[in-house]
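Got a structure here, written out as structure tokens. Questions coming.
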Amino acid sequence: MITNKKIPWDTFLAKREEILRHWETGSSPMLDLDKAVETLKNIPDHKNFAKKLKQAKERGITLIQPRAGVALLDEHIKLMQYLQDEGEADFLPSTIDSYTRQNRYQNAQDGIKESERAGRSLLNGFPAVNYGVEGCKKVIDAINVPMQARHGTPDARLLTEIIHAAGWTSNEGGGISYNIPYAKNIGLEDTIRYWQYCDRLVGYYAEQGIEINREPYGPLTGTLVPPSISHTVAIIEAILAAEQGVKNITVGYGQGGNIVQDVAALQTLDELTNYYLKLFNYNDVFVTTVFHQWMGGFPADEAKSMGVIGLAASVAAQGKATKMITKSPHESQGVPTKEANAEGLKASKIVVNLLKEQSFPSSRDLKAEKEMIKKEVNALIYATLNVGKGDLAQGAVKAFARGLIDIPFAPSEMNAGKILPARDAEGRIRILEFGNLAFDDEIKAFHKERLEARAALENREVSFQMTIDDVYAVSMGTLVGKPRVRGNAA
Amino acid sequence: MITNKKIPWDTFLAKREEILRHWETGSSPMLDLDKAVETLKNIPDHKNFAKKLKQAKERGITLIQPRAGVALLDEHIKLMQYLQDEGEADFLPSTIDSYTRQNRYQNAQDGIKESERAGRSLLNGFPAVNYGVEGCKKVIDAINVPMQARHGTPDARLLTEIIHAAGWTSNEGGGISYNIPYAKNIGLEDTIRYWQYCDRLVGYYAEQGIEINREPYGPLTGTLVPPSISHTVAIIEAILAAEQGVKNITVGYGQGGNIVQDVAALQTLDELTNYYLKLFNYNDVFVTTVFHQWMGGFPADEAKSMGVIGLAASVAAQGKATKMITKSPHESQGVPTKEANAEGLKASKIVVNLLKEQSFPSSRDLKAEKEMIKKEVNALIYATLNVGKGDLAQGAVKAFARGLIDIPFAPSEMNAGKILPARDAEGRIRILEFGNLAFDDEIKAFHKERLEARAALENREVSFQMTIDDVYAVSMGTLVGKPRVRGNAA
Amino acid sequence: MKTVVIGVIGADVHAVGNKIIEHVLTEHGFNVVNIGVLSSQEDFINAAIETNAGAILVSSLYGHGEIDCKYMRENCQEAGLNHVKLYVGGNIVVGKQDFKEVETRFKKMGFDRVYPPGTNIEDAVKHLREDLGE
Amino acid sequence: MKTVVIGVIGADVHAVGNKIIEHVLTEHGFNVVNIGVLSSQEDFINAAIETNAGAILVSSLYGHGEIDCKYMRENCQEAGLNHVKLYVGGNIVVGKQDFKEVETRFKKMGFDRVYPPGTNIEDAVKHLREDLGE
């Protein structure tokens, strides 16, 4: 049975030998740990993810980062330079293609070849494993800001080895957040173990005096996820990472759409993560937050998409997120061109800049929403600890198996998939079907009451149709999905 | 001496004969008042500005309107249809060209001809007087939403006659707001008199059961105008209009940039206007508010401009403005193409839609800001009444002459031009140089203290350089202008 | 009741649209066989054979649709599925591309109907009725 | 001290840039004669004659610049202002237009220097020093 315990170095090293054999690029001499430490030590401070985040948090500002990645190395480098110079990105990502995420390196290799032939990227991201440490090093050498791998890879061990050895100082993911929304039937125990490995590597580097940032993936399925659920996953992953020695963690949250709920979510995410880290005696972890611009279906219209982006940026800034992941006006269509991607960045940049001296005033409404999120998170963490007999790793596996934690719209069979979310009359995300979610009756009554108030306004029953209407709502231009005339759906 | 007294009908009619002779289109039979009443009565409710605003206010939503106008009638109609259909504008404007605004109808006529020859608009707006009632009627007949004239015309009497007789149910302007920011040496008494005439005409139509909306022009110079000053002008003009019989008034405010101050401004604008109207016994006036997206210098970059637009829309929606005037990504460059104009509209539309169920929570900070604005407005209105011996029209003329009311950056010689605004540390607009502004010491001390707090942060003195830095700030991508290195200005 | 197979092809995990398609088609009276995300061509073909389906609705959101759908028509034929209708929809290529061209590419690959991003699934209902007869 | 005339031409009331130009040029040691907004060609020319100015800086923001500046060079010459430098800047035409073309149009009209929207006024300081000598 899995436990939340630091992996002994020997065990790690033994496993490492095996991992490095998963694909030919694992044999690079740059993967020698001493060599990797040297590479990382040579990364200047302004290209260190962890350090730049710390600074931003201390200054109370919000930095921006796009998603981006293409199949061919040279093209990828050009893309990165463009987003840095023209898009004014504060951080760069290498979004990894979906074959690599499923460890299908041969498919990725074919994709590279086909892309070369077609003269355009046929992969939806950058196949970092296939390019190996040498390729990844070329990427970071060509830019002037920190670089992070962003993906959705259940087993990212080889990928993680390669990117850090290349000097990339951040890695997104986690044993839960890169499983439940990104896989169908990979066991949670397995993915938690895979990610303990990734964290252990970062912990090792930390012991060598190298600061590397880790970012549990916050938005999960990006679709009507109540803040307390994504917070719970973020906190669990932060603690699992801290146990392996990670010292710099960015917890994430995807825009819900109601400003008060979003600001409450950002503030509680920071407060609760710090609280639980300290509760479990991880006292020297530096926590920052990341706000993801709207993660659900986008409107087809590009100007409307820019509106959504501007609104999102205003929320991140007011909620004092340390970082924001930006979207582009092409979101509903496909992977954006570099120009479209830069447009999303620039619109975001000016908004966070304009608001950098401002924060959202405290109010009764905000406090109440924060209290509610805290109550819910506490209930979920408590239940997880309880079934795990005090161990959060074990607890997480069991909590998901029993549906005590449950993520809406997730593809994974490890997830109960019984809860149904919907928005209340003000557009705040609530829950209408709880399944086995570990909420007490008081919390449930609150959700029920809020949803019934909406139902009354709309003159209909609380039902799955509401959820469906809400799924489509933003792409149709509203937040709260209105009852549609039959035959007129979508 | 001018007074705030309803113009006797006979006097009005006598003046009217003269006005209609100012340009040949004044002789149209459609300007017969009975005919005009008939035309206006035939305007359906959904094309009536006043009625659509009332509905919106009752529903608590924010409707949108662009600025737009070109030299040629057919092109203007196509532009209007495009902004309605593609831009989803709730209201349409005919922005009037600058020659017409200065009553230079011959110049406008030349502009029409040169535009015909050049095949592109050489005028910066629609020369409504030259097209006359018949032309203006074609415009409203071709669209499906209410139409308003938007201009900046000190003497708009002929223009006003023409547009209303054509069925346009709203007119922007006022004796102060269309003088001080739009003229150099036209007397305030004159322009107040001109606008009393325009309001009296609307009052006459009201007596015939026709609801027409009037909108004092809120943002004034659009450049660092403290809310209390623009509120004061809006309230005075609302009262002058009400005296002439206007029953449906939209008071306006231009985005300042600090969200709390902007929301406070929108809320107090509504509250104070209603309060003063009732205080002066105008009990049946329906008041709505309009929020102008950032009226100062825009960033050159189009994506950044879209960011500014998205942010502005989020503030209007949270502050529950009834209407919002939108900008376009071409703002810094020139009159927008119809496509760029529609982009600004669509980005705005989705944001106000997404936020329509939400409002800005009340907080201590918001309340304090509102209190401050109210104190300041009360001081200014009191001073105006005082010098006017109880008459607001007289008071306004004298208050401007003595600088008791003073508008920053105004071109008019009727304006003292002695006050200097600057932002405080959070970006709220304060005043650093008061001239003769009718603020008491307590208010002045508050402004001083706030600006000194900023100066301390920036390690410099409170000075005109701060004002200059703030004028450029938004176009440079920040709200609070930072001290610049000499030789590196702009 | 007409049977249709739905699912998301390749290494694609976009589950939301898939759940909604199941719901809407079921409401419209179809017998929906949903093989879910991360499904291979084989999974689709086997499900269609087992359930004697009239149509296969392939979803591809993540951009690799062009690679994942290669030879799907040929593979159907090889498996003896000669008359099954093949629909594909979602965000089936990488990036914003001219849809007319994309449609041509996929029609050449043997797909009967090709849908652009954000298609209203109710549109496909009409087409299914036309293509499968009712 | 070199004298320059500044102002905003035609029916244009954009006053903000004008006030800032006055401030910056004065700070840079020019003798600035500011005739303000709503100024005619005649106003500019008379001011330049009276003050023996080396350059006239015309601002036009509102879009009618092309009409308002017609024959300005010819009118200067007629008034005997043969050597005065003519600069123009702001948003000098209606709408977003290709600046190269706009520049050509205004140069043909006899303007020595033509500036695109949002020009940093410090740029003009350099040019003034070049053109007027120091």
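Letters are used for the chains, namely A, B, C and D, taken in the order the chains are written, and counting of residues starts over at 1 for each.
Everything below uses one rule, namely that a residue touches a chain if its C-beta (ideal position, glycine included) is under 8 Å from a C-beta of that chain, and two chains touch if they have at least 3 such contacts.
Not measured: the values here are computed from a predicted model.
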Exercise. Measuring centre to centre, with centres taken as mean CA positions, what chain is farthest from chain B?
Worked result: C
Problem set entry | Rounded Å distance, chain B centre to chain C centre (Cα mean) | 54
For this session: Calculate how many whole Å lie between the centre of chain A and the centre of chain C, each centre taken as the average of the chain's C-alpha atoms.
Result: 29
Exercise. Counting in whole Å, what is the centre-to-centre distance of chain A and chain B, each centre being its mean C-alpha position?
Worked result: 44
For this session: Mark out which residues of chain C touch at least two other chains, giving numbers and ranges.
Result: none
Exercise. Of all the residues in chain B, which ones touch at least 2 other chains?
Worked result: none
Exercise. In graph terms, nodes being chains and edges touches, is this line, ring, star, complete or other?
Worked result: line
Exercise. Name the touching chain pairs, would you?
Worked result: A-B, A-C, B-D
Exercise. In their complex, what parts of chain A are in touch with chain B?
Worked result: 257-260, 299, 301-304, 306-311, 313-314, 318, 342-351, 353-358, 361-366, 425-427, 474, 477-480
For this session: Under the touch definition given earlier, write down the residues of chain B that touch chain D in their complex.
Result: 98-99, 101-102, 104, 107, 110-111, 114, 120-124, 152, 181-184, 221, 223, 296-297, 300, 330, 332-337, 340, 409-411, 464, 468, 471, 475, 487-490
Seminar exercise, completed: Per the touch rule above, chain C residues touching chain A in the complex are 10-16, 19-20, 23-24, 36-38, 62-64, 66-67, 91, 93-97, 117-122
